[in-house]
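For reference, the structures are reproduced in the following blocks.
In the two complexes below, subunit A is the common chain; its partner is subunit B in one and subunit C in the other.
Moving on, here comes the complex of A and B:
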């Protein structure tokens, strides 16, 4: 059984292992289920996330790449665009048809030409530059906007805790 | 995650294979030959009205979802797609020679005395690979090293094909006599005579003997026949079979009621089973794969397409595993059908049958043994049977579709069909029950 989703993910996995982008590792959790990946993202340098390593899981739909995967951080991530559950809210992960927040340009949203690599790179830059137009975590967004020091301290604290320091 | 790479099944060719080789410049070349949607080599590339190219199947699927070009998001329609035949040819040629170029790039060829003077001195350091050279193909490596001397960019090696120096290659077949071969008919003559030979029309034009043809154009690839060397001419004919495949029209599902839709499916000889939504999806998928097949240079047979549809149905349905049975049953003539071709089925699945028989015998033996050893009731082996089958199923499900796996799937479909004699739609409870009928049949 080899669906197009399976083949395409195999191809992406191959490219990611041969030519891994900086600060990103990703691959299927087990060979039984190629629709379930795990990824590790390094906190971008020069941000309060620096030094952290953030595990996340990616779940792909059966009709991938026609529809986007979902991404969820497995640890705690205090960020305006990450739901308290860990679910990442970013335009590249939204299909053109559904715009939960009515602000995203179609050009930023999911298209079959996007890839795991592009998603993870987008998420990395999201960590560095939150988008507070439609926050997934309202508290974090408020803090980021009004009390940046507190926000950064809280993020750094989270990073330290996740590293077991 | 890491150990996956060691599995041969995960070894899919990718443009990143060129990285860390001296030919890393070929990575963007290969990327240009790959579809943006499936990331695989273009399969029947089609041009959109916004001048973007995708595989026929990929763009048709995308357009049927949101009607927009995945690259620029301009609205487009399937009917406006046009085949990009030049690209198709380029991709086919590249695929043909990819393996050998990559092999060369990874294990640089040894320096041979016959190597051309164009070769760069840097290559000398690669000569320690002499042991790698197989006695069968020393000539090929010579040629490869020459193309590397020319930095082996596609453009340059292309130039080389048509440059007079190419005549060196003919030396493989004809001893060095100080003559050169005419680039058109490959007749050997003095260098000065070539121009006159061509311009006066004494050149017969068509290349005659096959053996002289191969070398110059195949450029180190494994191609060994005239046909492969001239895809544009000789391949073009079989590409267009006498029976031209007609594209199917799309349906507006909101305008059609259940009964007429079922009738449409029946007319196309595909399954009419399932709820309305599934019928629509199935019809849509069939139209998509059918139309994409129409664009193909080497169209698949209807049976192959039905199998694709079945695979699609199996992977798309939420009950991916249990979905097998009705998929198989619906798509292909079943064992119980009148028009079922029993002989061809038996021959094509011979090994699978044998496997199953062996397995069933083994299970029976084990069962007997167990019954002897422990005074346990015969329940154990009976339970074991479906487990085993399920495992085979899972195996075939998780691995990229090798030929063997396909048989596995089908054989599962087959004894599932035997279950079908009991007119029940397939469900878990049904599967948990071993099929004594099928087993005893196998043991006979």
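Moving on, here comes the complex of A and C:
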């Protein structure tokens, strides 16, 4: 592995351990491979995701932080910006050249000054406020737009199921 | 005589098999039977390329269903770049009813996680819950009685210079987060039940 990616990730890991943001736990699955992390994100309060804990995996490219990691939820997450596969689709995970539709402003996208912490916080606020413009899960987006009650009930169900209740 | 028959049985079988093949070519392929074989091999290699292309496209666009992608690939002559552009521009057409592509070559068990986006509810039927995923069954009962202890243990976070210790601290924080969420949700459900019971009586 490139040593600069390793150094940077170790530094981020330390910062996240010493000052973990509220509702976030993240670190490498095993320190033998610093390019593969697992994170837990708490569902934001006041949303149907409240009370839930959502595991996700982060995979970093060798040239991190030049290129962004990918993030994938490991359990069920019913959300307009999460593909049925669990893959998260938000602007901070896209490199500036990556957006053929120009939906996103360059400032919202990935750059080396972003960080794992910022990604996880962005994902947390994405859970609270879906972005309707480029849905990754079309069905969830439709339901969120047209039948909000059903959407929220489905999310709440998923949260309870994920906790084994 | 008996010897003759013994020799004849295998050759008879060969003749039967051959005539079977001939009949197949005559009746079940295009009239140009001499070219049929060539065409068939060409078709199968196109099918293979198509399959590779559609798999790549599905990785990029899991929300688009396989049939739609195959239909577009067929129309673009297997041009992945053109199909990609059309997906991105939202100009994909719905394939006609009559278009029935072959199923993906993977065994049924393996293809289960990638059905069309129109049935997302069935995509992950077996996502294990967090308790199972992190093997916390044993800790469920224990921590319920030690709530206060874990709460106070929260302060014991921090960076360790020891790799193993770091790893186990991270795991501990993760387990705590899940168990706490589970406990809170249990309490919430209990409260809801109580409320429902009170309302009913």
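Convention: the second predicted complex is superposed on the first by the 161 of 165 C-alpha atoms of A that agree within 3 Å, B and C clash if a C-alpha of one lies under 4 Å from a C-alpha of the other, contacts with A are read in each partner's own complex, and residues count from 1 in each chain.
The working rule: a residue touches a chain if its C-beta (ideal position, glycine included) is under 8 Å from a C-beta of that chain, and two chains touch if they have at least 3 such contacts.
Computed from a predicted structure; not experimentally measured.
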item: Which superposed partner A:87 touches (first subunit B, second subunit C, both, neither); value: second
item: Subunit B versus subunit C as contact partner of A:27, first or second or both or neither; value: both
item: Touching partner for A:17 - first (subunit B), second (subunit C), both, neither; value: both
item: Touching partner for A:148 - first (subunit B), second (subunit C), both, neither; value: neither
item: Which of subunit B and subunit C A:62 touches, first, second, both or neither; value: first
item: Touched partner set for A:118, first subunit B, second subunit C, both or neither; value: neither
item: Which of subunit B and subunit C A:165 touches, first, second, both or neither; value: second
item: Doubly contacted residues of subunit A, that is, touched by subunit B and again by subunit C; value: 14, 17-18, 25, 27, 31, 38
item: Subunit C partner contacts - residues on subunit A that touch it in the complex; value: 14, 17-18, 20, 25, 27, 30-31, 38, 40, 42, 51-53, 55, 74-76, 78, 83-87, 100-101, 135-140, 159-165
item: Residue numbers on subunit C that touch subunit A, as the complex places them; value: 62-63, 88, 113-114, 117-118, 120, 123-124, 127-133, 157-159, 163, 166-167, 169-170, 173-174, 177-178, 181-182, 184-186, 188-189
item: Touch list for subunit B against partner subunit A, complex; value: 1-2, 4-5, 7, 10-12, 14-17, 19, 36-40, 57-58, 61-62, 65-66, 68, 70-71, 73, 311-312, 314-316, 320, 394, 396-401, 405, 409
item: Residues of subunit A touching subunit B in the complex; value: 1-8, 10-15, 17-19, 25, 27-29, 31-33, 38, 62-63, 65-66, 96-97, 106-107, 111-113, 115
